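In the two assemblies presented below, chain A is common to both, partnered first by chain B and then by chain C.
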Partner chain A sequence: MNGSVLSARTLRNLLPALSLLVLLAAIFYLQPRAISYVGFNLMLNLAIPIAFATIAQMCVITVNDLDLSIGTYVGFVACIGATLLSGGIGALPFIKDLQASGALPATLPWIMNTPLAGVLVLLMGIGVYALLGALIHLRNLPSIVVTLGMSFVWLGLSVLVLPVPGGQAPGWIKSLMTLKTPFIPFPIIAAVVIAVAAHILIMKTSYGAVLRGAGGNPKAIERAGWSLLKVKMAMFALAGFFGMLAGLSLVGLTTSGDANIALRYTLLSIAGVILGGGEFVGGRISPIGAVIGAATLTLAGSFLSFMRIPPDWQIGAQGAILIIVLALRTLIDRAEKRR
Partner chain B sequence: MTRLAGSISMLAVMTVLGMGSALADTADKKIALSNNYAGNSWRQAMLRSWDKVTKPAVTAGIVAAADPFTTAENQVTEQAAQIQNLVLQGYNAIVLNAASPDALNGAVKEACDAGVIVVSFDGIVTEPCAWRIAVDFKQMGKDEVLYLKDKLPKGGNILEIRGLAGVFVDDAISKGIHEAVAENPQFKIVGSVHGDWDQAKAQAAVAGILPSLPNDIVGVVTQGGDGYGAAQAFKAAGRTTPIIIMGNRQDELAWWKEQKDANGYETMSASIAPGVSTLAFWVAQQILDGKDVPKDLTVPFLRVDQATLDKSLETTEKGGVANVEYSAEDAQKVVDAAKK
Partner chain C sequence: MASAATPIISLNGVEKSFGAVRALRGVDLACHAGECIGLVGHNGAGKSTLMNLLAGVFPAEGRIEVDGKDIASRYSVATAQAHGIRCVFQELSLCPNLTVAENARIMHASLRGFGWRKRAGKLILDKLDEVFPGHGISASDIVGDLPIARRQMVEIARAFSVTTAPARLVILDEPTSSLDAHLASQLLAYVRSFVAKGGCVVLISHLLGEILAAGDRVVVMKDGKVVVERPAADFNRTSLVAAMGSVAHDEGANAATADTKRSETEPRVRVAADRQAGGPELIAHQGEIVGLAGLGGQGQSEMLIRIFDAAGKNARNVTVVGGVALVAGDRQTDGVFPLWSIAENITISSLRRMRRGPLIDGAATEAMAEDWKQRIGIRTPDMNNPILSLSGGNQQKALFARALGSDAQTVLMDDPMRGVDIGTKQEVYGMIRAEAEAGRTFLWYTTEMDELKHCDHVYVFRDHHIVAELSRSELTEEKVLHASFAEVA
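Presenting the complex of A and B:
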């Protein structure tokens, strides 16, 4: 009896990894050449920004909230990365226009060209996220509404920074993202590092337990003397931090920015968390599962295109994969309860 | 003697084989079309043209495959992933109508590094390793004024209808028009409105500006999709219809034909043909064939004149755009023109 309970639980924990393996096997069957160094590089490199965005979403979901602005926030970071972070204020299109019209001198002073401006703006972005956490906690606002509003703010800011697609990603991010590591493709190493780092941070540290507890039983955490306000701010700031990494890694891959670059990330990140074994309430999350979920979603896209499924059906098919995995999990949960 | 005959026939066989291989150099090559959007009549016509030209080419054994792929949503990240998947699927060349001129550069570079030929058209990419087939929109604007100069040597006042503000196409056509007007000072642009390439918007914009304009407007220069609306606005205001340049849309051509039959109305019409996708296909095939092709090519725009009006209107379906498919020879001509 005891054994079967254990196996149900391990089965549920293994489900994300198993679905990833099934998908990999299917891809290998359809397109053997994809399972190679180059193949993994191509299929998985866009999974890195999605994995970061998924971890960011997971932080918010941990405290029973939902972030509908992560996609546009990632786009905003990408726009900042392609302008301020590479060439300072002088890299902004409207400054260049002013230079062209002669209102500003052709050579700008040091302060206008320093990438520090980009660092500052990105830090402010994280700060805004922390403040959002505080606002949601203090006024007891529904996070869906607040972040939905913020999604328009981020999009508007990105369009202000970069009215038409363009800019140039900083060289160091570009070379990092296209790093050719020996033997194991860089995206796989990056995914493992992200998963392990997030796992240690949230699952292994003592404050991590408090953070998760704030989602599971906030009253108990409060009675134990922890400030729920600080917890929310910390979790939202973490989300802003990982969202920033998502935007920077994305702009490193695309090499230039576009305000609309990551609109899909909002839904992808939520799907990634759920696919990876997380749940919407109760602080029940899994950072390793989330990264696997992000990889699964990315590979599902490749799989469907290798299958030659017409694009009109691809979104539906992606949804179907999600539903199948969720249905399997419910089945396992039910088996667990029935013991 | 027999030996000589034998060696001659041997030579003949070798020549034939040699020619055969020259023709079939790309027989085992696969070309893919990566398209970011299929939601308007222009893009639909583009995809139909692609099928119409590439299917016989595949049957004839010129290339092994020519499959169109359209992303489900008009999103940069999706098209980047699509390009990477196409590389993995073993396509030798990707013909690309890009969602963004810059943001796909990373994926395009990866494709180039994997030895894949990337040919972008219409929505072109700036990555240097890719080929670009662009339309000389500036020349299109210039040609409109030159046509008016031909018809009206004395010149006069003209009205300009522009496209969607902030799009580079609008900027380029308008620049061409203004340059040509500067070179021909007998013309004067007395008004300029944005019609957003849309009949209804153009009609409203022209109707709004007409009362403030002098009565002797001799010509209207447009950007396509706005000529019919301009004509309606002039009619509603009770003014004589000037020479309105058209933009190859079916309703514009139909109106022109109606006027031509009724009172011998003369004008011209120009726009980019959706069949430019097939030109990109042939260019990709030639590059795969080992031909030396310059990175920047210019596609001629499709022009309809008085003489070709009836035929163009017949082949254009209702609500569609006048179209033309390109052949391998057309592609060769474009390449040769770029080399000069």
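Presenting the complex of A and C:
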């Protein structure tokens, strides 16, 4: 009996990887040339920021919350990355306007040009996330409401920073994101590194067990003497950290910032977590699965293009893929229960 | 250093209240090294509150001494753990999404750094081997996949496992509830060897045989107080049951006498007897108040839900004539609509009778609310105030008004008087009596002996079965307790 339960569990754990392989096979069938160094580079480029955003979302889902602001937060980080992080305060459009009108001198002092301003703002973003976690825990608020409100705050801040798309990504991020690695395309290496790092952080460390336990049985964690407040703050801060990496990698690819650049990431990240075998409640998550889920969602876009499905229909078709995979999972669960 | 005579922990006049309910009213208890204390008592006697307190889950008033030092104000989970005081709670405190080893780590903050997983796994498996030889559990098993007995075993082993802090006092709350006889005897044997090595165990169980077999000293609680404390050798099953029940009969005044003859007519509610377990069938006639007794969580609530679900349907084994209304016991989750007014909360079950076309007839609902305000005495200046502006007892009255105001012939009550003050209780008892005389049928799950005295007929539940049937004249506390506590397992 033990063996059969185990096999259902393995099947469940393998489902994300299997769906990715099926998708790859389908792409190979439609367009064999896509399965190549250049093809993977093109297809999976955008998987890196989505993978980061998915890991961020996974951190929040681990403690039974949901982050509806991750998309606009990633957009905010991208805007900061394209301005403050590359040219300091002087890179902000309204400062440039002031310079053009003569209110400010053409050459600004060092303090106005240092990228440290960007670093500071990004750190504050992570701090805000930690405070959100504290607020949600202390006031017992629904995270959906809090983060939905925050999504407008991030969007508003991004528009203040960059009223129109523009700015310039820092050179080092650009060159990192367009790195030409030998043999294996950079996006694949990056995805593996992200997955392994997140896996070690959440699944392997001793405090990671406490973090996940807080999703499974918060009362037990509290009774064992751990602070749930610290757990929530740690998880939200981690989400802020990974969200920041998502925004920076995104701006490295697009080279310029835009407040609306990542609005879709909110739903993509949730879908990625669920597709990767995670569950909304109970602390059951899988970082490796989440990265695979993000890659699957990205490839699904390419696959649908190869199928010559117009972009208008692609979001719907992505939803269909999601439903199929989740239906398979439910079937496995049901078979397991019947046994 | 604490001398051998200093108790590990001692409570002196400890009190604890939850709102209007006084869960503990001055408890004195000392736990010494090298003894096993059996703690027994009926529902609501305060056993669980006491153990939560020992574990440091919540603070209380009074004097708490650990190793001879008074630390009542600063007592917390961390202090309890540092002094080697551990608890196995009745509802499992494992994280179902983690492995057995990871759950061990949750308890032991010192399991960290490289190789913590291996050390945690070895720690818990060694202890499992010691307590339950041949347990068949692996450290990498996900707890949620284990059957309940194995989860219980993991939790027990975890409580006895030692890293930096010692395990000196382990409190076990119904530890054998999901273990079979073999595992239970393994556990009791381990408890004895743990005690022999100088540990202390507080064993809470409703299996009196276990208490008598494993305990050195038996502490009997009733109504938030320790009423008897004697060596286990002085007790036998009968005297223990007697100690739990027959203390302080303060409310003997309204002892009903005449045994009303059960009507021969077709009953309102009939639940056929369990075919495997046997036992009596449950019958409730028109105008009867039928009590469902026994310890908490022995299937009484489930029985009420079964009857509720069967109403108006063709259910197997359950026949219900006429409509049914339920008064929930857990007000906050099952009872009130917290954002609605008192009037809306009362009229929700009767809206079908108060319509004007597709709309709600405001005048009719207001009239009904005012009517019930008078009849049941809800203390509020305005029935349109939010329900949460009422005290707990008055909220419960509103829920009674909802059920009694509906046209349901049968009212099911799921321990509705939890946390209600005595004055309100008396008012509601009177009303139930009056409604029953007017022809309504009541099925009343209660864990309080005093409430059973208001019933015409009582069924005692144990392990999801009816194990005894008592008419009003047969009803004594002793009989209910005897039936509630299983024969020696």
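Keep this in mind: the second predicted complex is superposed on the first by the 337 of 339 C-alpha atoms of A that agree within 3 Å, B and C clash if a C-alpha of one lies under 4 Å from a C-alpha of the other, contacts with A are read in each partner's own complex, and residues count from 1 in each chain.
As a working rule, a contact is a pair of C-beta atoms (placed from the backbone, for glycine too) under 8 Å apart; a residue touches a chain by one contact, two chains touch by 3 or more.
Keep in mind the model is a prediction, meaning the values are calculated, not measured.
With chain A as the common reference, the superposed partners chain B and chain C fit together side by side.
Shared-chain residue A:301: touches chain B; no touch with chain C.
Look at A:164: by the touch rule set out above, it reaches chain B but stays clear of chain C. Using the contact criterion defined above for the overlaid structures, shared-chain residue A:250 touches chain B, although it does not reach chain C.
Once chain A of one complex is fitted onto chain A of the other, the partner contacts of A:209 are limited to chain C, with no touch recorded for chain B. Among chain B and chain C, the chain that touches a larger number of residues in chain A is B. Legend: residue contacts after superposition of the two complexes on their common chain; A:198 is shown touching neither chain B nor chain C. Residue contacts after overlaying the shared chain place A:225 against chain C, while chain B stays out of touching range.
Of all C-alpha pairs linking chain B and chain C after the chain A fit, the shortest spans 36 Å. The interface of chain A with chain B does not overlap its interface with chain C at any residue.
Of all the residues in chain C, the ones that touch chain A in their complex are 55, 57, 77-78, 81, 87, 89, 93-98, 102-103, 105-107, 109, 111-113, 116-117, 142, 144-145. Chain contact summary for the complex, chain A toward chain C: residues 5, 9, 204, 206-207, 209-210, 212-213, 215-217, 219-226, 282-284. Chain contact summary for the complex, chain A toward chain B: residues 31, 33-34, 38-39, 42-43, 45-46, 163-167, 178, 250, 252-258, 260-265, 298, 301-302, 305-306, 311-312, 314-315. Residues of chain B touching chain A in their complex: 69-73, 75-78, 80-82, 84-90, 100-107, 109-110, 114, 166.
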